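The structure that follows is given in the form of structure tokens.
Order of writing sets the chain letters: A, B, C and D. Residues in each chain are counted from 1.
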Amino acid sequence: MKGCFLVHLRNMKWDLDEFSAMRKEVLLGWPTGAEVEIQEALGYHKNMPETKIFSDRLAKAEESGVTLTQPRAGVALVTELIELLRYLQDVGGADLLPTTIDSYTRLNRYKEAQTGIEESRTHGRSMLNGFPAVNHGLAACRRVVEAVDVPVQVRHGTPDARLLAEITLAGGFTAFEGGGISYNIPYCKDVSISRSIRDWQYVDRLVGFYAENGVIINREPFGPLTGTLVPPSISNAIAIIEGLLAAEQGVRNISLGYGQCGNLIQDIAALRSLKELAKEYNIRFGYGNVAITTVFHQWMGGFPQDESKAYGVISWGAVTAVLAKATKVIAKTPHEAVGIPTKEANASGILTTRQILNMLRDQSLPETKELNEEIAIIKKETRALIEKALELGEGDLALGTERAFQAGTLDVPFAPSRVSAGKIMPVRDNYGAVRLLDFGNLPMEPDIKDYHREKIAERGRREQREPGFQMVIDDIYAISKGMLVGRPRH
Amino acid sequence: MGHQVTVVLGVIGADVHAVGNRILAYALEQAGLKVINIGVLASQEEFVNAAIETGAKAILVSSLYGHGELDCRGLREKATEAGISDILMYVGGNLVVGKREWHEVEEIYRKMGFDQVYPPGTMPEEAIPQLLKDLGVDGVGGMH
Amino acid sequence: MKGCFLVHLRNMKWDLDEFSAMRKEVLLGWPTGAEVEIQEALGYHKNMPETKIFSDRLAKAEESGVTLTQPRAGVALVTELIELLRYLQDVGGADLLPTTIDSYTRLNRYKEAQTGIEESRTHGRSMLNGFPAVNHGLAACRRVVEAVDVPVQVRHGTPDARLLAEITLAGGFTAFEGGGISYNIPYCKDVSISRSIRDWQYVDRLVGFYAENGVIINREPFGPLTGTLVPPSISNAIAIIEGLLAAEQGVRNISLGYGQCGNLIQDIAALRSLKELAKEYNIRFGYGNVAITTVFHQWMGGFPQDESKAYGVISWGAVTAVLAKATKVIAKTPHEAVGIPTKEANASGILTTRQILNMLRDQSLPETKELNEEIAIIKKETRALIEKALELGEGDLALGTERAFQAGTLDVPFAPSRVSAGKIMPVRDNYGAVRLLDFGNLPMEPDIKDYHREKIAERGRREQREPGFQMVIDDIYAISKGMLVGRPRH
Amino acid sequence: MGHQVTVVLGVIGADVHAVGNRILAYALEQAGLKVINIGVLASQEEFVNAAIETGAKAILVSSLYGHGELDCRGLREKATEAGISDILMYVGGNLVVGKREWHEVEEIYRKMGFDQVYPPGTMPEEAIPQLLKDLGVDGVGGMH
């Protein structure tokens, strides 16, 4: 078993025996692991009504061209979680529900999570920022899933989510967020890419196993990464790569995500090129049978504290999501800048979003030169990033991804992880589109670099200042200060 | 400009919010301080050790993700045990889970032994003057 | 004096003597009329700082291409009004302030307004839906204007606003909403158009007199009319006509308004064609020296009761306003569906609006075929309406307007006024644009009628029902029920 | 279908909100009632006179614009004086200035003598069944 860690990281479907051997070990990670019985779990899923199955709900939405809403939400205790989710479903009208996992569980610190559970019981309020599903175990998960009428997804940020996946999927959740890159780079400091990709190959192999046995679990790479001025081609390249790695392990249903940058044209172009390119790559690598849907995240960076302003940000995200024809939109709340939202604030964010989605559902942004230009640029950049990874991996995408991060040809801005070279620097152009001020080692053609440079220079001229780190800082604060572009403060 | 005063900066616990930390480090350096940035996912031990090793005059703790209450408890005591009982300690960020009355939150952290407690969204320029004052340092980093 | 009522209504600048004679009578309408001293008033205005002059603020905004915010607000008592306006300025960040007049004053029922003032004092809360400026008189108006730092406009709905204009303009207000059509048709039942146009010629002549003496007062026809599914060409034609009538009396600064219909392309097309056509007509009739700006009203029909949903509606209005590049936007509040907003709710609406305006200020919707097509249609329809009025008036626009309403070639949907034939019936098309199901007597060419008919038929096919009054009712409720197009309820 | 029951409908006071009135009239007719719609800007006298002239069994008052409290006071008394003291009286709309607790508003109007009081945004289908019941009329307008 251990052997498999020593061989090179490879993008190849895991052998079932190898996988089964590792499972035994994984399930020993915490006592609740013993509760998982995969055949019983398959049976459980097969008895689930269609309306509660994530992939079915997404397929329906895709077919009828509507955008679904999903909040983020999770608290420490089961009864409270159920109350919260029911509220979001009944009052907020959420089409899809989440269960957000707490930060200790995300780092496999189940003991600290246990303390959090106990303190939450003592204090009578959640002391954890999410639901410690591993500690609560399989039966608790099923109580949650059974308590609501719509599909529920596990949302977290866990580099090693093997045990979490085992427990929550056997626990009846029908969708699982994350991936070896997107749940490493923004969420870790010191976890190697080969480590996290391997651990996520396990999760995907598990989901693949469910699929082979007739149970389709939806998988969703975490699109927004650090949520802060991530240029579309970077998040798109990573989302597509994670999708391909998942597909190789047998995943059949994938939602690719993108976090709003704020410029309407760029955001629509980003979501459209994400879907188009993903399909193209999936076909190229023989995964044409994977169903691909899209996820649009309302602004993931710093929010304004004022709730009225936050509603403006939420609404603008909703407008962009529906005009981009995303399959689902992840709604923020008016409490975003302050803390985990109350259930009321959370429902509010969904209701505002839904109002916009409905008012705009029959409208669309016409095709334009500007949109097509932006799509062409994003695609060209994204291709360059993926092709370089393939090249570095000598055709193997898993290995190539590891090497691409080492070489800095894949790089994520503001990432806590040392794996990411941290050499690129994004900044907004004069229209609020996110461009690159510093390309670090990204393998971009000179024409692309010139394009970005000129766009940023245009802003510099308008603001009469040299683009630099102060401009970036101004952009980071901008939305929370009520702007999109961080113009010089007077 | 005189001898630079050193401060330790980091994000405590299982918290990975890196953006504010990056900007704070930059702003503190601009204000003339020497910044030892231990980054995200920093344990109490790392804060205390870094302060001892570098002779820092202040520990600046960030906690954004909500577990601050659980993570910060005992930090003051650890510092005292390690012999730096009078080191300045600031904390800031989204310090509790959810939206709560600020005065409650401030009190919780004051009781834990923090000298200054900053609410969500505090801009560096709002906190740095107080820090310089508490450190007895003038605007560009020289000692008085 | 009386003689002037007997002669035919004419679009011709009033002779100053005639005007002065009528003034005496007007000022006798309520004791506070005696306080007005026009020379003193001119002096008062001339000493006002530029930052408090409406026309100056609009010109600056127009120049820098930003959209200004303005709420609606008015309460019965002076101190409370000041507190309210200051709050909207300081907390809400309103760029421009209003003083909304109560409904008794609007109908010149000053005695009832007086009761309202007294009851408000007794109950300690405003029993009136606005500020009874005539009863309070000139000094009170000046207290209001002086208490704030930004320009203040009188907003009302008064068919005969002569005394109100005298008192509020002498009272230091620098802008005055309304017009002989737009403050009659939606606000009255039985007032003739010749009557209200004459009374508004008086107001415009008064504003013209201020202008001749170096004091520029901004005038704003009330664009949205009944606020309920008013097709753009109808409100645009009426706004342009009122602007022309005002210009003839010497008004030099005009803001033309339009109420959001909800379809982005149609709304942008409407605001753009409004401005372009207005300029064209103003030049044609020799008023090329009039400064024209635009006003976009966030959705004026029924709002959703839920505040989160209301924020969505407010935001969508703000998005449209800024993409349409309106000079100012009138912000609604989250309390809209329920009652006159608290100052906090009112400020919220402005803050949400401002957040959107700022985030989108550097973005614009590209020119597209769809947009240009819509502009062409709106212009063609608007021209047809105005030209018909000119024809009926034998070249005189005032007389022509009166006759056009008689003939139903100008007609406003859902108007309480008997002056409006009430024969037209609007309905949304499949994309939410407002079209005409019944043209009544509107003088539209067959190709235009076919266009509307086909658009509505398309919706009918989609909904598998015959377009008719039930569809119209569904559309009226739609936004308050969280939709734009009132699809059949299941 | 039996003999049609008549109701008077209008918007009271200086109120010109015409849209809801138009829809209500349509919905009441659809429900089989004979509707005398006196429209907007209707005075108390007009309501009472219309009711007397047409032998109406109910007066349905709308007030949207906020002055309802001032405008509706005394309507019941006027009806009584005019000899139709037992006529059914409903009122609905945005009945006060601003957003207030509904039970307070309802009480104010009940005290004025209204039999049913409806909050903002009431849909016709929510009120009509009650009206038909109070009128003793079945679904399509026939008398019991």
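Convention: contacts are C-beta pairs under 8 Å (C-beta built on N, C-alpha and C of every residue); 3 or more make two chains touch, one makes a residue touch a chain.
What you see is a predicted model, and the numbers here were worked out from it, not measured in a lab.
Which chains sit in contact with both members of the pair chain A and chain C?
Per touch definition, common to chain A and chain C: zero chains.
With chain centres defined as C-alpha means, what is the inter-centre distance between chain B and chain C in Å?
It comes to 55 Å between the two C-alpha centres.
I'd like to verify one number: the distance from the centre of chain A to the centre of chain B, where each centre is the average of its C-alpha atoms, in whole angstrom.
Chain A and chain B have C-alpha centres separated by 31 Å.
Which integer distance in Å separates the CA centroid of chain B from that of chain D?
Taking the average C-alpha coordinate of chain B and of chain D, the gap between them is 66 Å.
Which label fits the chain touch graph of this model best, line, ring, star, complete or other?
line
Could you list each pair of chains that touch, in label order?
A-B, A-C, C-D
So in the complex, which bits of chain A are touching chain C?
262-265, 304, 306-309, 311-316, 318-319, 347-356, 358-363, 365-371, 430-432, 479, 482-485
Note which residues of chain C are touching chain D in the complex, please.
Residue positions touching the partner: 102-104, 106-107, 109, 112, 115-116, 119, 125-129, 157, 186-190, 226, 228, 301-302, 305, 335, 337-342, 345, 414-416, 469, 473, 476-477, 480.
If we count contacts the way the header does, which residues on chain D are in touch with chain C in the complex?
13-19, 22-23, 26, 39-41, 65-67, 69-70, 94, 96-100, 120-121, 123
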